[in-house]
Amino acid sequence: MSCDAMLLVDALREPATTRALDANDWTALIAMARAEQLIGTLAERLKSESVPPKVAEILAEARINADYQRRSALWEAECAARALSDYPGKVVLMKGTAYVAADLKAGEGRHIGDLDVLVAREDLPQVEALLLSKGGWEWVKEDAYDDAYYRDHMHELPPLIHKERDRMIDVHHTILPLTARPSPDAAGMLANAQLIDSNLTVRAEPVEARNRSESRPSTSSARTETLCVLSPTDMVIHCTAHMIADGDLAGGLRNLWDFHCLTTQFAESDPDFWPQLSARAARHQLLPAVQCAARLSLRLYGTTIPQTWGRKKLADAYFVRRLTARDGWGRPTRKVTRLAFYIRSHWLRMPPLMLARHLWTKWRKG
Amino acid sequence: MSGAEPLYRADTTDAMLVEPLDGLTLIYHRRSGVTHMVVEPVPQILAAMGEDALTLDQLLTRLSKDFDLGDAVEAKAVLAARIDELVDLGLVDKLDGQDA
Amino acid sequence: MHEFSAQVGPAAFRIGSQWRSPVDQLAALYADYPKPEIPDFSVRLEAVSMLRRFIRPSVMIEGDYMLPDAAPLPLAQALLAAEMGMNLQMALGWRRHLLLHASAVEKDGKALIMTGASGSGKSTLSALLGQSGWRFMGDEFVLLDLESGAAVPFPRLISLKNEAIAAMEAQADAARFGPLMEGTPKGNIRHLMPPVDAIARMAEPAKPALLLFPRYGHNWAVRDVAPGETFMRMTQASTNYVALGEAGFTAMTRFIKTTPARAIDYQSGAEAVSLAEGLWEQLA
């Protein structure tokens, strides 16, 4: 039995490997899956496996929770669409909410937190005003320094929370902070964003119940016409940016699983997908990051990636160590590696002088 | 804006579970997962709408078949207010004068 | 890590602790409970920092489900931390039954369920009834089966607070008590093991037959509670009603429509028992 999250990685990549697990292994696996917010995904992957009765109960419970998160996420998106019905521009759903709205494999069993949307930078004041006045959202109280930091340097508005529903919405205008080194082309992403197809109306029923609603005509009201998702290549690039170029790899196994599901599904339906992804990533200055994600995805999840991308890099082992840094109680381990990644992630976001000032102020506030 | 009057349609029939209690009605709205506690005339309005897309006037006509609505102008104002609330909650869709 | 595990009703817990003493206390108090193979939840008692593991030791409650701003407790209250940790896992993670913040006792296959704010007396009342001819089912959570509506036992340690401690010390066997913890966020707390038969019969459900809203510290009174008010109060008393969606709605409405509800006010434990048994006679 491993004492790191390779136990979880193996179970996701190859569900049949769980047949060899004993009670202690299962206990560790479940704790890790919960800590990585992958228990819903694990439940999906193990749907057809025969597991011990107690595990079956736990996984069934995870599925109920995933359904709840899906329902909440789609409703939140709909409420945002209504509040923004007078806004003529595109409102692009991102991450988990996008995956379930577009019925992608990456959305099955996925943990979904806040609502993330992308809009044009020049329209931020209008969008902000509509959410506050028509939608019932309000600012999460932050102090003045963080507020300025968000507005001037980050890629999103300061967080907004809905007064009654108690859920947050993050409004982005690009996918990486303005001060970051790779500089993706946000306008290009918005231009290529596509409406959620009328065959894939925003639905809130759990996947099993979908057949019941298939015969219903799609509603033509304005609310579902505003919402978009990123194009397939951009979706993968955003997933990568979020994980490698932006994050300190926290939530890495989950983001990497998203990468695996998205690329596998898109490549299956479009033989040109990988070359297009390559070209698009280069345009957003994220080709190295996408290639890194692809190598890690192959290594951990067995993803089929272009042959020429498969050559291992020295740093990959370091990434794997960070990604699998969990013990059998779900606790983060490998503190030195984590710290290195935290500093690295801030380094990627901010020029060095700013970084020093930011870390100093953060430290002072304790 | 065109002169066409807006149409209202209740969220499709199996979208809600309705449980009358003593004096009030519970409505579970499947799509949002929200449970609403409503009183007259909301359950009656939803029942009268059925699966059809109606203008306010058409809805008023339907309701007046089974209920005494009193002064027509006042009734229409009350109905408009209730319908707006239902649209806000997501239980009723507002369609801008087009066919569904 | 020192480890402890126990099965309580349908839920199994494992607790990991950096210190030995809380695990020893838990092992003693849960001695009669079955040991699970695979737990449903993991709870961890962690030190605030390396130093604080030994100097003014302070316990943080962590686990599968955590509250970000929870304040740590002193090591002397680690047992309380463990119990709070288990409550938190149930409150945030359990989706297999409709979870009600309530206490319950059973007689003739039927359940008397009591719910109310902290300090209302539901916990003490269930403990008292459990000592006088009723089977104790739980003092913190009542679990309702989503298909059948049956109440399923969840007999954890009874958490007695302040005056209730003395009241129960007079009634229950001294050997079944945990340590007295003073100066906790809720005053003085002492845990009591449920009666032997409550633990032995933890897998036996009961049909809900009476719902009471007890209110300690007021003159004797009984009031009807209308279904609408009951619904409001019960959804507020449930941490997983919303997450359960349609199944939660169905289970809650079934419960409300089939279970008579009364509010009772009383000045003493004896009054409470008398009121409860009188209403049971009448309505259950």
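Per-chain numbering from 1; labels A, B and C assigned in written order.
Keep in mind that, in the parts below, a contact is a pair of C-beta atoms (placed from the backbone, for glycine too) under 8 Å apart; a residue touches a chain by one contact, two chains touch by 3 or more.
This structure is a prediction, so every number in the text was calculated from the model and none was measured.
Engineer: Please indicate the chain closest to the centre of the assembly, with centres calculated from CA atoms only.
Structural biologist: So the chain sitting closest to the middle is A.
Engineer: So, comparing C-alpha centroids, which chain is the farthest one from subunit C?
Structural biologist: B
Engineer: Please report how many Å separate the Cα centroid of subunit A from that of subunit B, as a whole number.
Structural biologist: So the centre of subunit A lies 38 Å away from the centre of subunit B.
Engineer: Could you please state the distance in Å, as a whole number, between where the Cα atoms of subunit B are centred and where those of subunit C are centred?
Structural biologist: Between these chains, centre-to-centre, one finds 42 Å.
Engineer: List, in ascending order, every residue of subunit B touching at least 2 other chains.
Structural biologist: 30, 33, in rising order.
Engineer: Would you please write down the residue numbers of subunit A that are in contact with two or more other chains?
Structural biologist: Only 68, 71 qualify.
Engineer: Please list all residues of subunit C that touch 2 or more other chains.
Structural biologist: Residue numbers touching two or more other chains: 242, 245.
Engineer: Can you tell me which positions in subunit A touch subunit C when the two form their complex?
Structural biologist: 23, 26-27, 30-31, 34-35, 52, 54-55, 57-58, 60-61, 64-65, 67-68, 71, 329-331
Engineer: Where on subunit C is subunit A touching in the complex?
Structural biologist: 1, 12, 14, 16, 36-40, 42, 44, 62, 64, 93-96, 242-245, 247
Engineer: What residues of subunit B sit close enough to touch subunit C in their complex?
Structural biologist: 17, 19, 21-24, 26, 28, 30, 33, 35, 37
Engineer: Could you please specify the touching residues of subunit C with respect to subunit B in the complex?
Structural biologist: 226-228, 231-232, 235, 242, 245-246, 249-250, 253, 256-257
Engineer: Looking at the complex, which residues from subunit A come into contact with subunit B?
Structural biologist: Against subunit B, the touching part of subunit A is residues 68, 71-72, 74-75, 78-79, 204-205, 212, 216-217, 219-222.
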